[in-house]
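In order of appearance the chains are A, B, C and D, and numbering begins at 1 in each one.
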Amino acid sequence: MAVRAAVAGASGYAGGELLRLLLAHPHIEIGALTGHSNAGQRLGALQPHLAALADRTLEPTTPEVLAGHDVVFLALPHGQSAAVAEQLGDDVLVVDMGADFRLAEAAAWEAFYGSPHAGTWPYGLPELPGARAALEGSKRIAVPGCYPTAVSLALFPAYAAGLAEPEAVVVAASGTSGAGKALKPHLLGAEVMGSMSSYGVGGGHRHTPEMAQNLSAAAGEPVTVSFTPTLAPMPRGILATSSAKARPGTSAEDLRAAYAKAYADEPFVHLLPEGRWPATGAVYGSNTVQVQVALDPAAGRIIVVSALDNLTKGTAGGAVQSMNIALGLPEETGLPLDGVAP
Amino acid sequence: MAVRAAVAGASGYAGGELLRLLLAHPHIEIGALTGHSNAGQRLGALQPHLAALADRTLEPTTPEVLAGHDVVFLALPHGQSAAVAEQLGDDVLVVDMGADFRLAEAAAWEAFYGSPHAGTWPYGLPELPGARAALEGSKRIAVPGCYPTAVSLALFPAYAAGLAEPEAVVVAASGTSGAGKALKPHLLGAEVMGSMSSYGVGGGHRHTPEMAQNLSAAAGEPVTVSFTPTLAPMPRGILATSSAKARPGTSAEDLRAAYAKAYADEPFVHLLPEGRWPATGAVYGSNTVQVQVALDPAAGRIIVVSALDNLTKGTAGGAVQSMNIALGLPEETGLPLDGVAP
Amino acid sequence: MAVRAAVAGASGYAGGELLRLLLAHPHIEIGALTGHSNAGQRLGALQPHLAALADRTLEPTTPEVLAGHDVVFLALPHGQSAAVAEQLGDDVLVVDMGADFRLAEAAAWEAFYGSPHAGTWPYGLPELPGARAALEGSKRIAVPGCYPTAVSLALFPAYAAGLAEPEAVVVAASGTSGAGKALKPHLLGAEVMGSMSSYGVGGGHRHTPEMAQNLSAAAGEPVTVSFTPTLAPMPRGILATSSAKARPGTSAEDLRAAYAKAYADEPFVHLLPEGRWPATGAVYGSNTVQVQVALDPAAGRIIVVSALDNLTKGTAGGAVQSMNIALGLPEETGLPLDGVAP
Amino acid sequence: MAVRAAVAGASGYAGGELLRLLLAHPHIEIGALTGHSNAGQRLGALQPHLAALADRTLEPTTPEVLAGHDVVFLALPHGQSAAVAEQLGDDVLVVDMGADFRLAEAAAWEAFYGSPHAGTWPYGLPELPGARAALEGSKRIAVPGCYPTAVSLALFPAYAAGLAEPEAVVVAASGTSGAGKALKPHLLGAEVMGSMSSYGVGGGHRHTPEMAQNLSAAAGEPVTVSFTPTLAPMPRGILATSSAKARPGTSAEDLRAAYAKAYADEPFVHLLPEGRWPATGAVYGSNTVQVQVALDPAAGRIIVVSALDNLTKGTAGGAVQSMNIALGLPEETGLPLDGVAP
């Protein structure tokens, strides 16, 4: 099976990671690569790690350039995917790595993104209940945000099993590639190395409604999420600490059983043995999520720690995993299970 | 005024930072420096950054060596301070940078440290209500833990003002110097660089009862703390995200007013202007704590972010600040307000 | 073709990287994994990034355990390979990732390693003149050191083309995984983060005679190497700056032509276009070496910068590349060309 | 003695470090702070580590604003200092932290900077032969570049003692603050963390003629310098490895004696005991330079390693040290000798 794939937005971090994975995918033939301000440049100058594509040139993001592919990945700024997707045929698999089609509720979209809601596509987090079925054969995929992937996988088993109260508290640390390649002073190496900092405190981060949507669906009732992101001095990785009050009578055994059941057959979720705790270094460059769960008896809270690579499972790897499902390929095809460490 | 100071445990990270500060203190004359397994070695080999003390030799930690000083700092492993302190006269100011004398309740000590409780000394966090008065003229000081300093300063104003429910949730990231110079595989540079990881999840970290003690005192009722520490890829710094449900009717203005009042006259707490958020890089090597507070209206939670240098305000700087008070010196003497950045 | 491979010394950094590559190799079946002090432990605790092998248990390094494999990789401390290799049959491919069989001259070995010389095996740097032919069908391979790989690939084309004087000056920076998992104070994360340091200055580094051997062979005359290694605050990577006086009359064009010719058909050496310079980040986790060359007209020197991943092309990737040749497989089989970046 | 100081260019890294030092200087009163595009902004937003100046506002860089100070520091882009300096009176001490007045030869200036030569001021590296005397009472100071400081202190004793051949080879690693706060893609945190890279290879770096000037003066004959800078994943610090062929008959004892003599009375140069090697982490935030020297007998080369903080001794600390001399203050006044470590 030969699948021809185009990537719109190939000069950014998400696009670069996607290309790294597609190069290793046995069924993918890499077609058009497009950019906006970078159109006309050699990929070797923009993504120097992609030795195999160093001589490829970026083209502009036009319908003509994107035509003639089986799959088109959109790694565009938020709000730009809908216009491009409209111009692609219904028979083309379109995988949107932006936020545009993630939220089901128009009101939540408009409150957090300030523009009209474009619609809702099947959600590319196969581990969530019902998600895998919705992706099979789909021609449209909304890839989740990196934080919502980490947090939803951390908490949905507790909510699905009815063990947690519907008020989640999440603090997550992200590597700076999560902020993209934008030239902002606080993202300079001299500023971020050796420093942890906060941003988007107080509920304003755009990934918040997406987390609430996923956890509410799992719980069968509205779940609020207090989400605080932090910026960590590393290029990649998310370490999320997610917690909620345990429902009365919840035991540590109940909790562990719920997670063991939820992840028994999931190839990319590694529920760690007791006594070991997640580290982003262990999943660097891989599509694996490390998860560990604990019950704090004194505080009466369920604490779940999850670690993933924001560019791999958190974006491009999740996109490829969902593409595999949509195309009918084995879900693990072309995806690294093992991290690059140390 | 010339104050002769000895440091027991001068080869570790806390001892090294203390010496850096004491070298810059206008009233301190550095006397004996002791070590355990390192006794007999040159300080230049153990603390290569202390150029001014490169030729000093570590002595063993004995009563004879520690005799004849006005102040003795104890930077020893937990559980070893009591025996050394007993041998020092009542007229000597003893500043314990270990945990031994921090907790008021013997039961909490024994549950978390597994040894008999040694007692309780005046607590060296002058910003807490009543703490400064207890330190004045004291001959014994228990320096707080680094995490409790960050978390107590983050949340006590909300509790003291009656704005927060008594269940705090804290996630904090620490630089790896917080784990000391112990030779453990997970602390190797290759392991920690580029990786965030968890440890002590589920309420087991020894700093938890100290936080609960401080916040309960401020609240006038028992406060539980769910505390999750994480290890960040940086040598120094703590970034703590502390939150609690807001009491009904609490407004963002109430919150800001409580913090503005609590920190109006504190030289080392920098309540940031609205719109700016703490970063550990900004307080590197300084005794300053950056604090910012927000109300998350959707989740109904108070979120406070605090940043400090775990070795300075979190340990050695806090020790010098409290020593200054005990000796009747101006509190800021010899303490850097400005961080080393970038 | 199914090749059964054992790894002796699977708990260290080189062993871990080798396993990551072997897991992705289409013809390898991973057999016995052995350790010394770690025998009996689960690999999941020692190499947490190798999710696919988390449940495997390390066995002791004995002839019985290593028997029955087509290939045995030795990732053992220097000096231990010979004894193990002797017990393996002549029909088994033995790939030594230690130093034992790299040097041709017993005197050089004894001067730098202080023990009797074990012998000389075909040298696993296929890019060197004649090396590939010696590896074809061989049952013994000596994998080069990480620094010699970076430096030999940087300078051999200039020497082979007769463009450089026989006195090379090399300064190279290595990530801390190059020092292995040994528990030494100067390798603690708090020590290495944010700090560059020197070691082995003055010609004493054990990789020096190996560089001289390779460059002398290329030059057809003795080449001396002044080699200074430095330790960089990163987990992986070597950036080597290698230089030598240009022979009179050497032009920039001559130089570029020599390198273009040497590397025209090499899959893993990426001679960068003019104007771009190597970065270790671009080859993270890949088997690619980035090389760039310049002529400094004022100083009359040839300057070559090379970047590689010390654990991949510098050790485990080079081992797999050479194994592929020895087994008659396509040389690139199972080896990543593209780095994990950013 | 009260000295009123203005800083033109207070928003950059050099300006920030200068202010940190001036705040701790017992005789300095900080006057006007100016910026260009940042004029009108609060310093707290631009230099968040300077808690003591958080409420100060940047003014434009005009003669009126800079008038009325005893000392004016210029931390401006190269080429802009002359115009500002002209407008300041001859009785004002002007300390230029840019390159404009460092080079004695107009031809060298024009070749490397491409603009007319502005002149030559007394050179602010007091450790060089004759430099201290030229600074005493001077009203103009040209602060050296960070790399030339590291390299000149590494090699001048060997040249002054006639021990080294006049062809120096230097490879130096710098933290990314050396590149300033410019918003360039290759300086983003995600790009620099975990990666060493090269730039300015082949003799083109602008600091090259300054090194040659200093070493030639020490040698009494022209010395060429082959200089290769590299970018290291750390915010601050320079580690320079400088070497030259030893003149025939030079012994290790000769070498050590030359350095011991050169640095016997220098407060800020720490010639390390034999067996210890420089690390930038040990001089973080301090005005100290660590130096170590070795003779490589096989290669016949003198190897000198030096470590300094590019922003402190390499720029702002060197500026304050020279200012102290010019003003007749003790040279060490207000300058930290001890690094912030780990």
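The rule is short, and it goes like this: a contact is a pair of C-beta atoms (placed from the backbone, for glycine too) under 8 Å apart; a residue touches a chain by one contact, two chains touch by 3 or more.
The UniProt protein names, listed by chain, are A, B, C, D = N-acetyl-gamma-glutamyl-phosphate reductase.
Since the structure is predicted, the reported quantities are computational estimates derived from the model, not experimental observations.
Between the contact lists of subunit A and subunit D, the overlap consists of B, C.
Residue-numbered contact pairs of A-D overlap by over half with those of B-C, the repeat interface among A-C, B-C or B-D.
Over half of the residue numbers at the subunit B-subunit C interface are used by both copies of the sequence. Chain centres were defined as the mean of their Cα atoms; on that basis the chain farthest from subunit B turns out to be C. Mean C-alpha position of subunit A lies 37 Å from that of subunit B.
Between the Cα centres of subunit B and subunit C there is a gap of 45 Å.
Multi-chain contact residues of subunit D, defined as those touching 2 or more other chains: 13, 175, 177, 188, 190-194, 233-236, 279, 281-282, 284, 341-342. Under the stated contact rule, the graph of chain-to-chain touches is complete, every pair of chains being in contact. The residues of subunit A lying in touch with subunit C in their complex are 13, 16, 19-20, 23-24, 44-45, 47-54, 177, 193-194, 235-236, 270, 273, 276, 279, 281-286, 288, 290, 336-342.
Taken in their complex, subunit A has these residues touching subunit D: 13, 175-177, 181, 183-185, 187-194, 233-236. Taken together, the subunit A residues at the contact with subunit B in this complex read 167, 169, 171, 173, 175, 188, 190-199, 201-203, 208, 224-226, 228, 230, 232-237, 239, 241, 243, 277-282, 284, 292, 294-301, 303, 305, 307, 341-342.
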